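In the part that follows, the structures are each spelled out as structure tokens.
Shared between the two complexes below is chain A, which pairs with chain B and chain C, respectively.
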Partner chain A sequence: MSIFFILTAIVTLFAAASAMSLRNLVHCALALAVSFTGIAALYLQLDAQFVGFAEILVYVGAIAILIVFAILLTRSGEAPENSVLTSGWMAGIAISAMVFTLLGWAVLNSSAIPKENPPAPVATVKNVGDALMTKFVLPLEIIGLVLTAAMIGAVIIALKESSKSETAGRES
Partner chain B sequence: MFDKLDQIFVTALHWLVSFVPEAWRSLASSLICIAFILSVFPAVFSVTTIFERKGIGRIQNRYGPNRVGIPFTKIRLAGFGQFIPDGVKMLTKEDIVPRAADKIVHFLAPVVMLIPVLLAYAVLPFGRNMTVTDYDAGLLFFFAVGGAVELSVFMAGWSSRNKYSLLGAMRAIAQMVSYEIPLILSAVTVVMVVGSLNLNAIIAHQNQYTFGIAHWFVFTPWGLVGFILFFIASLAESNRTPFDLPEAESEIIAGYFTEYSGFKFALFFLGEYLGMFAIIGLGITLFLGGWTSPVSFLTWIPSYVWFFTKLMAIVFVFIWIRATLPRLRMDQLMNFAWKFMLPLALINILVAGLWHYMAADWQRWLVCSTIIFGAYVILGRGLMHNQKLGKRIYRYAE
Partner chain C sequence: MTALQGCLLISALLFAIGFAGAVTRRHAILVLIGIELMLNAANLNFIAFWRFGPHPEALTGFMFVLFSMALAGAEAAVGLALVIAIYRHKKTSNLDEVKELKG
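After this line comes the complex of A and B, so read on.
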């Protein structure tokens, strides 16, 4: 474990914890963006360049912005008066610790995982691209189709509202 | 001799690093590269501000700064010393934070703006063997860090608790998100033809000569369209006129940095210009051959000279456009991005594919040019469809 790994891990965990516990929702969203960046740094340390850059491009560049806009457009920036933690947070921590222990134990004792470390795969961006265009071209196309359908749906929803408001504007 | 001049910075780096013990060499070399970027590009920025003020002054038929020379001497440089007092003024001004502002986010926003912009320089090739980190996926890295700028704009606009700041941030983010798509799609054509995301590989592909003329991508039909799309999108990404809605002075004061003063304002200013240089640098690398020379008999000129000459030439075009064009309206901005640039960029990708697979003769020039010209005409007509543009009538005060 290198010092860089420990530093990024601490930053990521701290940001994730503050994303859950800060009072102001916009602060939470910004903390979440920091933790996304930390995860991207961890990917880069594992030499997974494509995943790391895509993490920043998609999560920090798009999803964090989306979350922030959703918060801004749906509620005012006032922080809640009472604590963000519920009264049963002790029990919650105990249950999650138990679940984590159980899952960890199950994973570590699983026979599906080879005991000796396999050789590190060479996952350059070129290899990822080649795989996406040859072996996994059908899943890629299906994802593209789903996303296009979602985009067309979003456009249709937006169109209806604008035409309604237009007619309402004309009547008044 | 010219080779040595070309590699003078690389040699200097190796010479400096050789003084450091073996174990610390990679760290020392990175630190020197960081110092190089941190000193050169802010210097280019300060010179650009003065060029911009003088240039716009000339174009608009007024003087611009023309007094300041070197401080404490009698030497006058026709105003080219203006950036020194400007910088001192910026650094010594009072830092005002609004009482209602979110102090921490307000403080962090300019810093968060500058970090991704500076990171983007890590992959740009400034000259032969002059890339700080030669990432295999350099282009992806550039776009990934560029995406983080939007968050800082939001932080600045939201934390100021000022409606003009928030409006400016909203406009800026909407504009950046919309124009990022044609920007990336126009860059994709180059990646398709070269088959690599590495910026040095892209330059190596353009560094060949036929009849003494370089194989720059801008000299092909898809490359020309790609470069123009990239150029327009980079104008929009760096919030320059005619896409300066986020900081439209006559409408929303200064947009997302209305509530910033002193050093923090200077950081925003610096971040914006450094972002502009970075994106121009990428455009040069992708379409204008990076540090290569346009004609083979000028290859003896050092590579970094070519890079910075091209950089300053495009910065000049940016200044020219700023002094000439008025600001777009919000609906015009969005229509232009989604109804014209995006379809044209997609068609351009198709054309680049055709270009790659057709035999290299005059037929592919004809086919590719026809497709692009037809698409341009149809899309342009479509954009102008419902705009009743008659003859312009001028009314003068009588």
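After this line comes the complex of A and C, so read on.
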């Protein structure tokens, strides 16, 4: 592991922690974008260039912006006066610390983890495209269907629900 | 500590941070942000196992990450639409005040 990898990981984790702990929601969304960029840099260093750039496109470009839009649409841009934590926050912190301890123990003591590092695999855009069009073509089509359904569903959920009262008003 | 273990530890810590945020914060959008962080931790695991695993030329872990990114996009769109719908109904996005289904 190079020093650059460790630095990227530290920036990513710090940004994630601040995204979960800042009071102002807009600051949280910006820290989240920084964290996603750090994860994309980690992917690039793990020889997954396509996934790294897709991460920047999808997460930083779309999801972070969508979250900022939702924050502004729900008028929660200012920091709240009262507590931002739920009543049972100590139990939540304890459970997540236990989860991390268990995962870390399992990772450090597992015998299934190979000791030597294999050479870097090649995942060029051509390879990825070939695999998507041959071996993974059915999941690709299904994911297209899922995305269409989710888009239509999101529009319907977020639509104004005034149609029923409007028609009732017109009839009366 | 091998590079694979380092990646797995980073993603475990990212998952713990996302989980802690998702269960402790009161705002609905922050819960969604925590879920996104947990999904990213899982994706990092997939990429690490793909990179350091025995058969990287099969591209399975790689493809799993691509598809899970698409699903995360769909999930974020629907989740944020739900937050906006709840806000329009109840004029709040504080999860402690949305408790009609509480037993």
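FYI, the second predicted complex is superposed on the first by the 117 of 172 C-alpha atoms of A that agree within 3 Å, B and C clash if a C-alpha of one lies under 4 Å from a C-alpha of the other, contacts with A are read in each partner's own complex, and residues count from 1 in each chain.
One rule holds for everything that comes next: a contact is a pair of C-beta atoms (placed from the backbone, for glycine too) under 8 Å apart; a residue touches a chain by one contact, two chains touch by 3 or more.
Values in this document were obtained by computation on a predicted structure and should not be read as measured data.
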Contacts of A:Trp89 with chain B and chain C, given as first, second, both or neither: second
In the superposition, chain B vs chain C on chain A residues touched: C
Which superposed partner A:Ser111 touches (first chain B, second chain C, both, neither): neither
Which of chain B and chain C A:Thr134 touches, first, second, both or neither: neither
First (chain B), second (chain C), both or neither touched by A:Ile143: second
Which of chain B and chain C A:Ile56 touches, first, second, both or neither: first
Chain B versus chain C as contact partner of A:Val26, first or second or both or neither: first
Chain B and chain C footprints on chain A, overlapping residues: 50, 54, 62, 69
Chain A to chain C touching residues, read off their complex: 1, 5-6, 9, 12-13, 16-17, 19-21, 25, 28-29, 32, 35-36, 39, 42-43, 46-48, 50-51, 54-55, 58-59, 62-63, 66-67, 69-71, 73-76, 83-89, 92-93, 95-97, 99-100, 103-104, 107-108, 113-115, 117-118, 120-123, 127-128, 131-132, 136, 139, 143, 146-147, 149-151, 153-155, 157-158, 160-161
Touching residues on chain B, where the partner in the complex is chain A: 102, 105, 135-137, 140-141, 143-148, 150-151, 154-155, 158, 173, 177, 196-197
Chain A residues touching chain B - in the complex, by the definition given at the top: 24, 26-27, 30, 33, 37, 49-50, 53-54, 56-57, 60-62, 64-65, 68-69, 72, 77, 124-126
Chain A-touching residues of chain C, taken from the complex the two chains share: 1-10, 12-21, 23-27, 29-30, 32-34, 36-37, 40, 43-44, 47-48, 50-54, 56-57, 59, 62-63, 65-67, 69-78, 80-85, 87-88, 93, 95-96
